[in-house]
Amino acid sequence: MFKKLLLGSVVALGFTGSAMAETVNILMEGVPDTQFVKELIPEFTKETGIEVNLEVVNYAEMHTKLVPQLVSPQGSYSAIVVDFYWVGEFVKAGWMQPLDERIKADNFDTSVYVPALMDLVGQVDGTTYMLPFYNYAMGLTYRTDLLADAQNQADFKAKYGMDLKVPATWDEYLKQVEFFTKDGMHGVVNQGLRPDPIAMEWSNYLFANGGTYHDADWNPTLNNEAGVKAVEQYKTMIDKFGPVGSASFSFDEAFNVMAQGKAYSYITYNFFRTAYDDPSKSAVVGKVEIMPVPGPTPEQGGSLNGAWGWAIPKSSPNPDAAWTFLKWVESKEIAKKRALAGGSPTRTDVFDDPDLNAKYAYFPALKQMLLTSHNFPVFTYTPQLVEVLGRELSLAVAGEKSPSDALAAIEAEMAELARKDGKLK
Amino acid sequence: MSGIKASAADRRDARFGYVLAAPSLTVLFLIILFPVLSALYTSLHEYTLIAPNFDIFTGFDNFRLALADAEFRHSAWLTIRFVIGVVLLEFVIGFGIALMLNKVERFKPIYYAILLCPLLMNPVIVGLIWRMFLHPNLGIVNYLLSTVGLGPVNWLGDTKIAIWTVIMVDIWHQVSFMIVLLLAGLASLPKEPYEAARVDGANAFQCFIHITLPMMRTVIIVTLLIRLIFAVKTYDLIYIMTRGGPGVATDLVSYFIYRTAFVGLNIGEASAMSIILLTAILGLTAYLYRYMRSIR
Amino acid sequence: MRIKWSTILPHLVLTVFSLAILLPLVWVLRVSLTDKLTAYRIPPEIGHIGLENYVEIFSVYPFERWFFNSLLVALLSTAISLPLATAMAYAFARFNTGGAMLRLGVLASQMLPPIILVLPLFTLFFTTGLMQTHLGLVLSHLTISLPFLAWMLVSFFEGDSASLEEAARIDGATRWQAFIKIAVPVAAPGILAAGLLGFILSWNEFLFALVLSGASTQTLPIGLASMETHAGVEIAPLAAATVVSLLPVFALLPFLRKYLIKGLSLGALK
């Protein structure tokens, strides 16, 4: 037995070393696109003769697994996927290989990517480190059947003096939330869990009120009218218009409330749109649609952008084979196949593809969402900023801090982090 | 027996002891000594994941920073209360159940198999499954409460309730750990003292106080100690169930150290915090150990 | 009347306790037979019933690989750590080997949060080629189980078997024979319990397994955790996987019957 184990360890060592260039090891987290990539891999192996070894871990634990690999001069993974949170950190620590020379040599066209995504998980200060893999921009998911109901329309008109329709502005949406909180229904469900669910969701509230995180010089701009309003609205949503306990909901709990037909709306990651139409998960098949989070005016959006990108780590044992895989997986053909299976694309030519628009009626809304979305501050300490936001917002929602006190605390820590990173002078 | 002979036997005894301990010690020294020393060394340097080098020696700055951090102090204090809560409650329940199990013969393996089940579940799974049960609107627990006119209870979203919810789930998950060890302790007690006591007319309660407790003392202390060390390291359950929230109501110190190391990227400070933690537990262990010796 | 009450009371308490443990698991079993929609239906409905989740954990997820890896690592690390820890515990208890310092020192590494140990451990394993191997996982789990098992067992050797051993030594038994033939059987209940807990420690270990495993050596906890995805928790397949991973306990039943009732009474011999 022991001999066999020792032998096994030697074989595994061979895999991790650079000797076997024909196997590409990739570390991924569980997102919908991961499964679609997995299903397409036999095509790649047939085309190139390169084997692909996909290792999937819990999305939230991936950073923990990745860091020792990246710190090490030589690691086990040929290619990895990178959340936008980590981009600043990974670049600062020098953990990713620049891709520009490979892109140039192979004439790989990066202009097809949605510009906001290329800014988020593609280029940093003019150097390309990643290819945008899939997006998780947030949108407003809402119940179309409730909007279309004649009785609701009449009641809404009588109460607010305006038509009940797809909301064009944030204020109009807030009225609808209040209106639909009746008869055991909730106007909204929130994901108030620390740190990323609440930080990500609240960012939409900030942008929808016309707020921003910082000015051009990285001075924090949160503790002002827009910021305070965003916190107050968020707290009101949870306390008055949402189900009990949404202050501790992760997106799974919140999605289930919506999928069980107990809420009118939920601001969440766009890939949940497909899940609403899955009858094994949802009681509201065909009754939920997605749109960009409405902004202060009909022209402005309030959506938060988010995405993962493919990268080749510095410690990659076989970067050339990894690049061959990246080129293939991000080609128009494969990107389209992934999107057809239900993935979240990053390429404009995929968004404009007639087959996809025929299959998914909400594709124009998704594209619009990306084009009007706002990026979260990306710098070395983004994950820490998310932690601070999560803690302070959670304290404000729990009523243990006033909105402006919480925002002042966030501003102070954010300024300190930005200063440490050399962004704020 | 002459003195020289006795000391020769003692020396051979001592040598035999080292021979028996050597394989374990070799494994431990080879694998864990380097990481532990590395943590000690790191705690004295400004070592971050962004700049993973030992260029800047900072002495005890990391320790000072950690102790001055209000969030660290809050989570340390919370951890002390959490640990006392889970360890004591689990001990009381666990000892009670172990005593009962020690009394029965019929169905014993079935009871035992059932109580092993939660132990074989990973904390991550336990957390995810209880989140489902405790969903305030869609969970079975609040539904059952509502059928008798109670609730809905905001299990994880209320700053006053959340920590008790976590303690409750931890008890469900870990109480069997105590039972397994305490039952083994009870099973290895000799029978004669009980028979003698019965002849003297002692009742069950007197037997428990005067025979069971004193003879179980070392097993009890070791059980408490081991469970305590695990309870201090609780982080997966928090990570899955509350992420330290709502607010900072469940922010236990191990989860805080985890974030300092892998979110804050500050390995130096995280190491210093860990060593503060180590010192505290080691001090307590040494105290309990001496107490254990003194009563022998 | 009194006598009857005292035989019924333990069963009553144990039944209530068993139900408290079991009922949540029954609900997990139910969720494993349905879909996510039905799992969250309130008030509960019968809804959809089927075995798809059990099919899914083997077809979509490599459940059998996770299970095998966990079983192999947990069995091996227990098989190695139990005899080694027993020997060390005996040395501690009988000969006070290394004194209090060594005893505390052995346990001290376990008082550090594992997150602090994982970076140097990674370096160590990478340079020795143990990264992503079963052997590496077994060794990393030994560092956890050896100190704990030794501590648990010390208290079982500190009972009064010392006098029995001395008697045997006078009768001409060697130190080794006194250890194996007398001390070990007397401490059998403790050794069995420690073995069980050692298996459980390794079976559930998460952080070392996360960082040190690879695609082919992923253990059950890491695999099951990957069912919590960025698009929500795959709760129904997760429930099915939980049910299957608990089945080995019931395979233990005959073993438990033998050792809990007959084996444990060994300790009463003395």
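For reference, chains read A, B and C in written order, and residue numbers begin at 1 within each chain.
As a convention for this text, a contact is a pair of C-beta atoms (placed from the backbone, for glycine too) under 8 Å apart; a residue touches a chain by one contact, two chains touch by 3 or more.
Treat the numbers as computed from the prediction; the structure is a model and nothing was measured.
Looking at the partners of chain A and chain B together, the chains they share are C. Across A-C and B-C, it is B-C that has more C-beta pairs touching. The centroid of the Cα atoms in chain A and the matching centroid in chain C are 38 Å apart.
Each chain gets a centre from the mean of its Cα atoms; for chain B and chain C, those two points are 15 Å apart. For chain C, residues touching at least two other chains, in rising order: 40-42, 115, 118-119, 225, 228, 233. Under the contact definition stated at the top, the residues of chain A that touch 2 or more other chains are 58, 60, 64, 67, 71, 252, 256, 260.
Residues of chain B found to touch two or more other chains are 124, 131, 135, 137-138, 262.
Note for the complex: chain A touches chain B at residues 58, 60, 63-64, 67, 71, 89, 92-93, 192-195, 243-250, 252-253, 256-257, 260, 262, 380, 383-384, 387, 390-391, 394-395, 397-398, 400.
By the touch rule above, chain B contacts chain A in their complex via residues 49-52, 124, 131, 135-138, 152, 154-157, 159, 162, 239, 242-249, 259, 262-265. Of all the residues in chain C, the ones that touch chain B in their complex are 6, 9-11, 13-14, 17-18, 20-22, 24-25, 27-28, 31, 39-44, 84-85, 87-88, 90-92, 94-98, 100, 102-104, 106-121, 124, 139-140, 142-143, 146-148, 150-152, 154-156, 158-160, 175-176, 179, 186-190, 192-194, 196-197, 200, 203-204, 206, 220-221, 224-225, 228, 233, 235, 238-239, 242, 245-246, 248-250, 252-253, 256-257, 260-261, 264-265, 267-268, 270. Put simply, chain C touches chain A in their complex at residues 35-37, 40-42, 48, 60, 76, 115, 118-119, 122-123, 126, 129-136, 138, 207, 210-211, 214-218, 222, 225-233, 236.
Residue ranges on chain B touching chain C, taken from their complex, read 12-14, 16-18, 20-21, 23-25, 27-28, 31-32, 34-36, 38-39, 93, 96-97, 100-101, 103-125, 128-133, 135, 137-140, 143, 172, 176-177, 180-181, 183-185, 187-191, 204, 218-219, 221-223, 225-226, 229, 232-233, 235-236, 240, 254, 257-258, 261-262, 267, 270-271, 274-275, 277-278, 281-282, 285-286, 289, 293, 296.
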